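What follows is chain A paired twice: with chain B in the first complex and chain C in the second.
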Partner chain A sequence: MPNASRKIVAVGAIVVLAAGILVFPSLAPNPYILSSGVLVLNYAVLATSWNFVGGFTGYISLGHGALAGLGGYATGLLATKAGMPSFAALALAGLLVAALAVPLGMAALRVRGASFVIVSIALVLILLLVFQSWASFTGGSRGLVVPRPFDLTRPEHHRVFYFLFAGLLGVALLVWWLLDRSRFGLGLKSIREDEDKAEALGTPTFTYKLIVFVVSAGFTALAGGLYALWFGDLDPVFQFSILTGSYVVLMALLGGVRNLFGPVVGALIVGSALEYFKVEYGDTPLHLVATGLLLALVVIFMPDGILPAIGDLFRRFDRTRRSSIREVTAAELRDQRKAAV
Partner chain B sequence: MLVLQSIVLGLLLGGLYALLAAGLTLYFGIMRVVMIAHSAFLILAAYLAWWMHDRFGLDPLLSMVVTVPLFFAAGVALQRLLLTRLRPATLTMMSVLLTFAIALGVEGLLGYAFTGTQRRIQLGYGSASLELFGARIAVVKLIAFVLAAVALTSLYVLMKRTRFGWALRATIQHRDAARLLGIDTERVAGYGFGIGLATAAIGGTALSLDTTIYPSLHWHWIGPLMAIIVVGGLGSVPGAAAAAMVLGMAQSLLQIPMGTTWAQTVFYVALFATLAFRPQGFFGGRLAQRF
Partner chain C sequence: MSLETHELRKAFGGVTALDGATVSFHEGKVNALIGPNGSGKTTYFNCVTGMIRPDSGRVTYRGRDLTGKAPHRIARAGLGRTFQLCRTFPRMTALENVLAAVPQGGLRSAKAKGDIERAMSWLTRLGIEHLAESEARDMSWGQQKLLELAGVLMAEPETVLLDEPAGGVNPALLDRIGALIRELNAEGRTFVIVEHNMDLVMSISDHIVVFDRGRPIAEGPPSVIRSDERVLGAYLGV
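So, the complex of A and B:
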């Protein structure tokens, strides 16, 4: 495809996606569907926030659910215990979690790969433990009731928060897009491709990783806080569930982590599927099996995600771009060599 | 007296941790794989022991005759059929996700097959206990510890004294060099995984003796186990065993002033402290440096 028409397709896709998201509330037949829409958008924000770390640096975190939970609890506690206005509490919660992400990131990012994932899982487990046990402060298993910011009927409440989530998603996407085009983003991507070489070439890898982790944590906390204001009731078991983190990773991977809209597409697919499962089959342990199976299939057969797969499909039918020289990345070449040995 | 009791209990618990952490260390050594599903298989083995006891009245210890070979085969299959399919470049990250997915699947299937009800094996000798220097030790805990100790010792002998053990360690140390020496590293790696998963079968049986089990219990195990292998230095079996003993003991001792729930945090504190001050772990060898 020539460059100009590529651009038109890209802009067209963005317009269609944005229009679809904005029109949905007026098409939703009942408040329940609308509330599902809010949840799916929440997932889209979480997956996009996750993708700051996962997509740019290739570090996979299973603990972003915990950061969202922290954002939710921080918002709720600031609003109830400190009596702050809801949205001031939300903003402060985002900043607090981002500040907390600095020491967390310093511990987790000093080591490569495996240890990072371990720390991210440990984060979820430790926070669940703390928030359940520290009942006098957090409400424990009885839950924490967060006051509603607006005095609205239920459908109106859903509608307002739907647009708030859509706005947050827009901001997150915009920041991701800007980073993607920046020199900073280039440094991050070089970490993903080969951290040793990036460091040898003078990229301050640790600082870069830490910055992007903090940004990601901030957005995740905002999404979690917004969820708290919307839902109005927090329970440690759901806020610090390892499942949230795994859903987010599944969404981002399914959509494609190297794509701006990959996580959003993944969230639309997986989020809708989750809501559908809940309606059809209720809360059986089988949704765990379904999630696990889907995650395994994506990891084995489609680690690059749906969007690149579709792109490949289009390219296959496009004769103008066919050439005798095949494009392979250094990593693919290394894999092929390893497989050949 | 309470302290002595805690020390003994900590020692017994540490033995089980050490066995399970040894399995995790094997996987990591062989393929740089962090096996999240390890503790899910642990709970699966405990459920199988419970089920056989409940259904056929078998002693849980006898269930190992079935579960150990079964888990060994499952481990080999897992390595040969699934993990080798992943791209080498992103193996560490993707294998975490894959084994995480397996853990979710096992948990979901357990919940589906046996419901979320808490289960416990009622044994004739379940309430028997021994007096040792004034500390009371339940016989079942002692059996669990002996089981873990025997398994860990056999693993050690296997690794140090047999040809297969040498081949396995060579594969862990330098895969290409091992291949040049004529070792079929693919097969050895598969068997290594089988042995790792077999430790989960033994550990699960030991666990089922005196613990109430439920499908989501494995999350309570994977956190401490992960902490142990990081503190011990990823890839070092003696390091993992030492860290397991120390942390198991610490957890047991801290239960006196802090209560059971807060005592668990010792693992996470140790994990974060290790990563902040000594990322390669306290007993880590060459392997741990880069991961």
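So, the complex of A and C:
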């Protein structure tokens, strides 16, 4: 496809996606479906936030669930214990977790590959223990009740938060897009490709990784905090769960980590599937089996994710781009012949 | 003198890779670093460029102490390097590979017009401009070697360290790389080259340093090195 028509397709896809997201609340038949929509958007923000680290640098963090949990608890505690207005608490929570991400990142980003994955898991487990044991402050296993910011009926409450999540998603996507096209982003991607080589070319790899980790943590915490204000009740077991992090990674990988909208598409699919499985087979761990199966299928058949796979499919049907043994495409050959006549 | 090392030492467990290497390379010249396998040449490169930290000793560049500095700082100080087994960014296009060497710039567009023109001019000079939009992983070994060099040159280093530029390269490309090194040197760049291909080394170098067992055993112009008995001994074991 030539550049111009590719741009039209991209813009068209964005418009359809955005319109779909914005129209959904009016089409939702009942508050339960609407609340599922809020959950899916929450996942979309989490997966997009994760993709700042996972997509750009290739560092696979399973610990982002913990960063969301920290954001949730920070928001809840600031609102209840410090008596701050809900959204001021949310903003401050985002900043606090971003600040905390500096020492966390300095420790975790020293190691690569599998070691980094394990360090990120350790973060979740440590925080789970802390928040469960420190009951006098966090409420422990009894949970922490977060006051609702608005006095609304339940459907209205869902609707407002649906759009708040959509707004946060928009901001996260915009920042990801800005980084993607920047020199800083190219430096991050070169880290993903070959970190030592990037360093040898003059890229301060550690600083780059740390900056993007902090940005990622900030967005993740905001998503977690917004969830706390929406859901109204926090329990360490769910806030600091390996599963949350794993779902988020699955969504990003499924959609495609090199694509701006990859994590969103992944969240739409996995998030909806999770909700469906919980409704249909809620008493069984079948949703976990299904998720595992999905992950296996993606890794085997679409290692780059759904969006790139669809792109490849389109290219396969576009015969003008096929190249022959001569290493020229059919279109180029046609042009050459025209010129020769 | 541009790049100098003083009593550089590095051991990996019981193996002494560098055993007090005191070497100076000449500014504005094509310098070669030769020696049998395992004589410490690549370890020397890695210590100089900060990829590994020497156990002791000093690295200076134009009088500035670079010992133990991070690789990106050393690169910014004007020392660019290639790797022994050529390394590119496999899933980036050739153009992006070269653009990735543009130092910093934060949120400014990675594909600014001026940068693209400069990157394309390097790709053109190395004869791989037709591959600008191909991913590096789809390119041949020789093309990847040229691409790696284009990236290093994009960062505009005053001194270029090449680790085996002739490794796995066909004779025609070898001649081109040799000629290119001379050309780039004539424009004012200093070269330090680790190489096993003696024809290339003898034809393009101004100054040769011979390593054996982690330290220099001889140095001088090609004519002197060619007939040095210690060099013949180290290489041929006679």
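As a convention for this text, the second predicted complex is superposed on the first by the 322 of 341 C-alpha atoms of A that agree within 3 Å, B and C clash if a C-alpha of one lies under 4 Å from a C-alpha of the other, contacts with A are read in each partner's own complex, and residues count from 1 in each chain.
We take it that contacts are C-beta pairs under 8 Å (C-beta built on N, C-alpha and C of every residue); 3 or more make two chains touch, one makes a residue touch a chain.
Computed from a predicted structure; not experimentally measured.
Room for both chain B and chain C is found when the two structures are superposed via chain A, with no clash between them.
By the touch criterion defined above, A:200 reaches chain C but does not reach chain B. Touch criterion met: A:178 reaches chain C, while chain B stays clear of it.
Once the two complexes are laid over each other on the shared chain, residue contacts for A:190 go to chain C alone; chain B is not touched.
Of the two partner chains placed around the shared chain by superposition, neither chain B nor chain C is touched by A:4.
By the touch criterion defined above, A:115 lies against chain B but remains apart from chain C after alignment on the C-alpha atoms of chain A. Between chain B and chain C, B touches the greater number of residues of chain A. After superposing the two complexes on chain A, the closest approach between C-alpha atoms of chain B and chain C comes to 8 Å. Listed in rising order, the residues of chain B touching chain A in the complex are 28, 32, 34, 36, 82, 85-90, 92-94, 96-98, 100-105, 107-112, 116, 215, 219-220, 222-223, 226-227, 229-230, 234, 261-262, 264-265, 267-268, 271-272, 275-276, 279, 290-291. Of all residues in chain A, only 58-60, 62, 106-108, 110-115, 117-119, 121-122, 125-126, 129-130, 132-133, 242-243, 246, 249, 253, 284-293, 295-296, 299-300, 303, 331-332, 334-335, 338 touch chain B in the complex they form. On chain A, the positions that touch chain C within their shared complex are 178-179, 181-187, 189-190, 193-194, 196-206.
Contact residues of chain C toward chain A in the complex are 49, 51, 70-72, 75-76, 80-81, 83, 87-92, 96, 99-111, 151-152, 155.
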